[in-house]
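Just so it is clear, A, B, C, D and E label the chains in written order, and each chain counts residues from 1 on its own.
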Amino acid sequence: MAFRLLRKSAVDVPFLAVLAAITVLVPLANLALPESSPLHLSTYTVTLVGKYLTYALLALAVDLVWGYCGILSLGHGAFFALGGYAMGMYLMRQIGERGVYGNPVLPDFMVFLNWQELPWYWYGFDHFWFSLLVVALAPGLLAYAFGWLAFRSRVTGVYLSIITQALTYALMLAFFRNEMGFGGNNGLTDFKDILGFNLQSDGTRATLFAASAIALMGAYAASRLVVESKLGRVVAAIRDAENRVRFLGYRVEQFKLWVFVFSAVLAGIAGALYVPQVGIINPSEFSPLNSLEIVVWVAVGGRGTLYGAVVGAILVNYAKTVFTGVLPEMWLFALGAIFILVTLLLPEGLTGLWRRKEQAA
Amino acid sequence: MLSVAALNQYYGESHTLWDLCLDIPAGASVALMGRNGVGKTTLLKCIMGLLPARSGEIRYEDRSLTALRAERRAELGIGYVPQGREIFPMLTVEENLRTGLRARGDKSKRIPEEIFEIFPVLKTMLRRRGGDLSGGQQQQLAIGRALVLRPKLLILDEPTEGIQPNIVSEIGDVIIRLNRARGKEIHFEKREPSVGDEIRDAIVRVNREMGVTVLLVEQKQHFVKRVADRFLVMDKGRIVAGGAMEDLTEDLVRRYLTV
Amino acid sequence: MRPLIFGMRRWCIAMLIMMMPGLCNAAADPGGPFADALARLKEAPLTELGEAVDRLAETNDPAVVPVLRALLDGRLYYRKDDGRVVFGDPAEDGLAIVDVLDGEALGIVGKFDLKKIGINNALRTRLRETLGRLELAADGPAQRLKAVEAMSKSLDEENLELLRARRDTETDAKVSEAIETALALADLASDDKAVRIAAINALHGSLNPQALNRLHQLLEKDDAGRFLEPDSDVRNSAQVAVKSIESKLTVYRAAETVFFGLSLGAVLVLASIGLAITFGVMGVINMAHGELMMLGAYTTYVVQQLMPGHLDISLFVAIPAAFLLSALVGIAIERGIIRFLYGRPLETLLATFGVSLFLQQLVRTIFSPLNRSVATPVWMSGSLEINGALSLTLNRFYILVFCLMVFAALLQVLKRSRIGLEVRAVAQNRAMAKAMGIPTERVDALTFGLGSGIAGVAGVALSQLTNVGPNLGQSYIVDSFMVVVFGGVGNLWGTLIGGFSLGIANKLLEPYAGAVLAKILMLVFIILFIQKRPRGLFPQKGRAAEA
Amino acid sequence: MIAAKAEIPGAPVHDGPVADRRIEPAHKPILYLEEVTVSFDGFRALNALTLYIDEGELRCIIGPNGAGKTTMMDVVTGKTRPDKGTAFFGQTLDLLTLDEPAIAEAGICRKFQKPSVFEKQTVFENLELAMRTDKRVWTTLFARLTGEQRDAIHEVLETVGLTAHRDRRAGELSHGQKQWLEIGMLLMQEPKVLLVDEPVAGMTHQETERTAELLLSLEGKHSVVVVEHDMEFVRSIARKVTVLHEGSVLTEGRMDEVQNDPRVIEVYLGA
Amino acid sequence: EDTIKVGILHSLSGTMAISETTLKDTMLMLINEQNKKGGLLGKKLEPVVVDPASNWPLFAEKTRELLTKDKVAAIFGCWTSVSRKSVLPVVEELNGLLFYPVQYEGEESSKNVFYTGAAPNQQAIPAVDYLMKELKVKRWVLAGTDYVYPRTTNKILEAYLKSKGVKDKDIMINYTPFGHSDWQSIVAEIKKFGSAGKKTAVVSTINGDANVPFYKELGNQGISSEAIPVVAFSVGEEELSGIDTKPLVGHLAAWNYFMSVDTPENAVFITKWHQFIKNRSRVTNDPMEAHYIGFNMWVKAVEKAGTTDTDAVGKAIIGVEVPNLTGGTSKMLPNHHITKPVLIGEIQDDGQFQTVWQTKTLVEGDAWSDYLPESKPIIAQWTPPINCGNYNTKTKKCSGQKY
């Protein structure tokens, strides 16, 4: 008990403090400081870091199920993308008459593919609240249905991992189909504004950034509370000895389901914050490789710690940004090498390094 | 046969074996005793090469084992029956036994028949997966598996754990028979003919000349007294007493073996 | 069963060889009609080339066939400086040319000194027909069959005349049948009802696609709702004939679908069988498996580059080479990385993911990001024609056979040699395996090498079906894991049966659902299937599996 | 209100020899296994096993390795579904319709043959997880320990002698301590029936004695079913002993009766 | 040292690297050549290469990086339509210039984008005309990868074919996923469709990687170019270099450029390319020519405007004419598309195309197809008085892309 409290104070407080500082300072540095100031942050940077933060939230979600519950989900990208699509649909509807064909109701891709009317599943997305609801509900319900089936049947280990992969793969193929009415390969793009604010203005971007940071803080705190609760301990026990937990009278599948759904909702929220910042959502977000990469972020950062996932997501993506610019032809070597070296030298991920130091001290 | 000198072992930072020394003459049957957690299993694993020792030397038949990998040690004739049986769960009983064939060095592809004479239950379960066996069956399999190697030194870690009483005594007989160095005759009281008697006869037939050296970790004192001719007592990572079995006094037991 | 005809390309090569003698003694009169026609051939624009060809054919010169054949094969050139029309064959640094008129070998010249007499598609059809007429009496039955087939495309009076004449002298059964079919098709247009009915009866059960079309036409109505065929007797016979053909076709189509499924399954099995070892048995989540296949495919490419003249046997060199290369790379991965990760299976995922990125970029750097062109040997091209309605593509057929051979070999290795037992022992309890005297490190390296080597061999097979490029691996990795898991981890038979059943199910669905939906349905099926059998098709059951 | 067997709804009337040999018919049976058969790939691990456990009794079950003792526990706790037969808990609860958590909740708890505790969590947390409370997801999420619950945990810590180790990770305990911890976890569940599979395996003589005392102290409050091969231990706690052999009951009775049964000697005890 | 930076935004890794890497090299070559000529406005050009890794959001991010961090004067990049769609809002927001070199589905005209590849009327329609007239094709298979370019193109073609009297039952449309590799059933289906007695052709908008297995299957199932010709819009010399073309001889492609075109400009271009890439077996292709044209137009416009300022260059470039590699002169139109010849070629066994037909004059790229009812009334004109990318001639209003 004391041990846990110690851990919380040692990392969580500074961690949340840093996030809070970023939430305030980054938008300030972008909006309030003149471009000539050395401390000015460009909108490019703000958007970029904003994107990292949504990835961090996604990684956090994966760490919850993988690090704490032992469910290696190779399909979490699906929940992220669903949240993203829900937000994207809202943003599409906001375009209104400003689409290239000037149709007030139908998005452009529907117009030129001869859709006559809006499909029913697009209803309601002109309301922000409705979209927000779907951002949480769509991934949540999918996770619920999927998890209910899988956990009830006691699908575990690699079998579970691979069917999560099948899930996201199937969704990717489905969303690629133009008949689905989600814009096919081109996905949803050309967004104009959100809640009436121009998506391309610095103010909106800074606000989206802050929203992402706040969402991450909230999710982090909530996740911490969850893993420190008794439920968290039950879940960790499930990870280590699932059958034993059953004999103690816990309905293991319901616990797994709860965590899985919670995590899927977090991933959906991450997706919803991601889309307005990058300006596009397309089916390749469902690609199995994307989901695999999320797991890699978590592993690089160190799983089962929450902050490790956040650190991993940010660092790997930062490395990607830098490498693709600096070493455009060699960056895969660099990234590949990092993954290999981290695994070999830092079995507990990057944050493990730090933990080790702390323990030694 | 086997001598350990100044052995130190650590789990991470925690020092488990402290300058440990012991000596086991060829042909002996030695019981290693001590409370839970004093490092008995750890010592055996070091001898087997499954745990790295930080310092010290292990010699076996006049050669140093320290630099040899575990699999080489097995080839040199050290058979190991681990605590908790460590059966290969997804291999069949037969396959479990066959894993030892490579180290025999005689290119044999057949499981020696004597194993089944000693543990007939294994013969009836050849096709069943090791992991499906009951705990006691697994223990028999683990001993049988070690015997496939034709060991000169047999290391057993709590071999009677979870074994039905009559098999426990059979295991005792087996160990004695394998060891034989004491030259004691084993008396089987013949009552009515039964399966059990046949087994005993078989054991008597098997390997009369083997003379396997035995190192045994065991908690059950009556078993130890019957099977071993020497004892070693461990406490807190050191050997604290040892000698002929007759010298195991109540005092020693009280000091080192009771909680 | 009828004799099998191999693909078009093999036949072309046979043709080339056969015309060589004719080519050498083709010495025509330089001022004669043949030379004129040849000159016209060279000058005519594409639109008028057809007439030029006809003119040439009318000269009935013995050199006409080789010239037209060369034109068809794109081997006919003229020299830019003196306008001599020549045959050109690729040679070191250019083309070896031979004058058409006098057969004089003019040495080797560069590409830029020559101009090719180009043809287009329409002309190609016309050329084949012309050649068909000229070759109807050729020596080889295969050649004659082609000729008849080319001629049946346009059954004018002239062609019919030739065919009728040939009918009486033709000895080969297959060619005769083709001629009969062609004549019957022509007879369908006869004014005489009896002739039409006889023709219909002759076409009864014919698998020639034209037969079915023409019979269907007899049953159609025109815009005014009148039957195109006025006579109801004829229509009735046609109806019966159509039925008989269609019922035959249904059977063959089903057989075809099964073959498609098996061959797709074979690809899936080949792609996953190596993974069934590294992942299924050793427990390494090997994300670089696809890249090991990619290495195998590139090996095929390199081998073909190294032995340019020996395309037909290059695959037999490539298979062991790919096995070795991938196995060595696999062993290097195992020794360099994976051996530090036993007991941490999930982390093998991270490290091998890194390896896969690395290998991809490596081939991109060495071979460029472009796809490499891997040629298909003649014996693997074309199809095995069972009959007019069913033919099995040879590359797929051989790959199916190859897949089964690889599987059988692997099974033998794992069963007969000690390694099969030892690798499982090591995977299940490393420490205990050591204590039993199993050299775990060697076993690990060899096993991983074996699985990787098989991936390489699979790559050789894939090179015959699809792109050889840096992304090859990625396109198969997801499917491979799917198959292994569907079949049941650790069970090679499961992988085999799993791969084939997924392949066949996919191909059964595809005609109804389309390629995309079929795939989606398969994935959904796998998800639901795993609910029913949480440990795959052939699960490892019992207490042992739960530990 | 002692229900005669025949009146128990759902439990079939059984007049077999086993029932006749019941020794203390005054007690009310709480666990009924009747004609239970379990086979694995044709091999019968349990063969029409019929067994009744009374309320509050301490029952020892012995029998050769592979006799089906662990399998019997698997059936009772819902881990293995029998091919045939019935299993009732109390008078109305059909165990075969319930899954593991439901059975656990109904009050049947089990200690595994291999000690199985949550190694990464502390001793205290292990006990807390086992504690009898509302184990639904949302209540668990918001669960806070009450003072009473804390006291209960401390009490059990005392009972199993692990008070000094309450904040150590379970993985760091020695084998014997893990066995006790697991028994402690059973106690936290306040079960009506405890199934204890080989509790003293790997324990020293003295540890064994303490375990015996512990189990004896439970008698009366709980029904306890103990499987053990250590005959000294069995002798020290035995009231009534059942001998299983090849999947069914070979004999049942007081320790001294059983011990001298020639069949038991032959298949189990040896000379 | 003061330089003018030019952004190169082509995927060097991931699925699209196969196609796009060559374009990056082409741009490096063109910039290199220009620098040899003394650069632009007296300054050297400096290429800035980034790798968007076939990842669409990354395209947007990299665009932002190029425009704000590197402050490039123009970006040459993108291949897939979705990458362009992803980049579009960013170049519009930051007022950059993008030259897009690939044939595409049209239905777009942005103030900040110049489309140097073919619009559907510069590729698809002429190809179908050719098949109809020259090869007397009566039955049509429209086979494509399931994304917007094939979908739109096929929609346009379907409308066009129907306007020419082709019946529904003579049109078969089939879509496959990206990277589709098992073509057995579909090719068998095509074979069946083609055996109905009428001349049949396949119009293929199959993308990239899926082509190799598609053509292999065609060859193996014995579908020759004479029986059922395939005309492809996405298969160029580069793609063919990865295929054993012998079985494909006679199948067709429609482009605005072939490497085999016999003009002096092309010969020079090919020589320079071989020198630059240091590999004489490398081929050239249509999108490379598009970059060649686009780059030269940009250079000319910058010179004309005397600055690299986006608005000035955007104004100056309209009407700029540069020679293309097929012997004509391409012009930048007010709708930000260019004039191009349309060539139909047959595949040869050496992996090259032989031109079998070509338009007499250059064709003007049409941003908004006249064969789609919704876009028929729309035109793009980035010159006054209209000055927008989608002007509806009926409602007399502009909408869509930034105007």
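We take it that contacts are C-beta pairs under 8 Å (C-beta built on N, C-alpha and C of every residue); 3 or more make two chains touch, one makes a residue touch a chain.
Here's who's who by UniProt: A = Inner-membrane translocator; B = Amino acid ABC transporter ATP-binding protein; C = ABC transporter permease; D = Urea ABC transporter ATP-binding protein UrtD.
Predicted model, so just to flag it, every value in this text is computed and none were measured.
In summary, the chains found to touch both chain C (ABC transporter permease) and chain E are A. Centroid analysis (C-alpha atoms only) places D farthest from chain C (ABC transporter permease). Counting C-beta pairs in contact across B-C and across A-C gives the higher total for A-C.
Relative to the whole-protein C-alpha centroid, the nearest chain centroid is that of A. Each chain gets one centre point, the mean of its Cα atoms, and the points for chain A (Inner-membrane translocator) and chain E are 35 Å apart. Averaged Cα coordinates give chain C (ABC transporter permease) a centre that lies 66 Å from the centre of chain D. Averaged C-alpha coordinates give centres for chain D and chain E that are 76 Å from one another. Taking each chain's centre as the mean of its C-alpha atoms, chain A (Inner-membrane translocator) lies 46 Å from chain D. Contacts with at least two other chains are made by residues 173, 176-177, 243, 329, 332 of chain A (Inner-membrane translocator).
Residue numbers of chain B whose C-beta contacts span two or more other chains: 132. Chain contacts: chain C (ABC transporter permease) has residues 360-361, 364, 474, 516, 519, 542 touching two or more partner chains. Looking at the complex, you find that chain C (ABC transporter permease) touches chain B at residues 418, 421-422, 424-425, 428-429, 431-440, 490, 540, 542-545, 547. Of all residues in chain E, only 12-15, 17-18, 21-22, 134-135, 146, 174-177, 179-182, 184-186, 188-189, 195-197, 209, 212-213, 216-217, 219-222, 224-226, 229, 238-239, 241-247, 249-250, 252, 346, 348-349, 351, 354, 356 touch chain C (ABC transporter permease) in the complex they form.
Within the complex, the chain E residues that touch chain A (Inner-membrane translocator) are 12-13, 49-53, 55-58, 60-62, 64-65, 68-69, 80-82, 85-86, 88-90, 93, 107-108, 146-148, 151-152, 155, 175, 177-178, 372, 374-375, 378, 389-390, 392, 395, 397, 399-401. By the touch criterion stated above, chain D contacts chain B in their complex at residues 40, 43, 62-67, 69-70, 113-114, 174-177, 198, 201-207, 210, 229-231, 266-271. Chain contact summary for the complex, chain B toward chain D: residues 35-37, 83-84, 121, 128, 132-137, 139-140, 158, 161-170, 189, 191, 194, 196, 219-221, 257-259.
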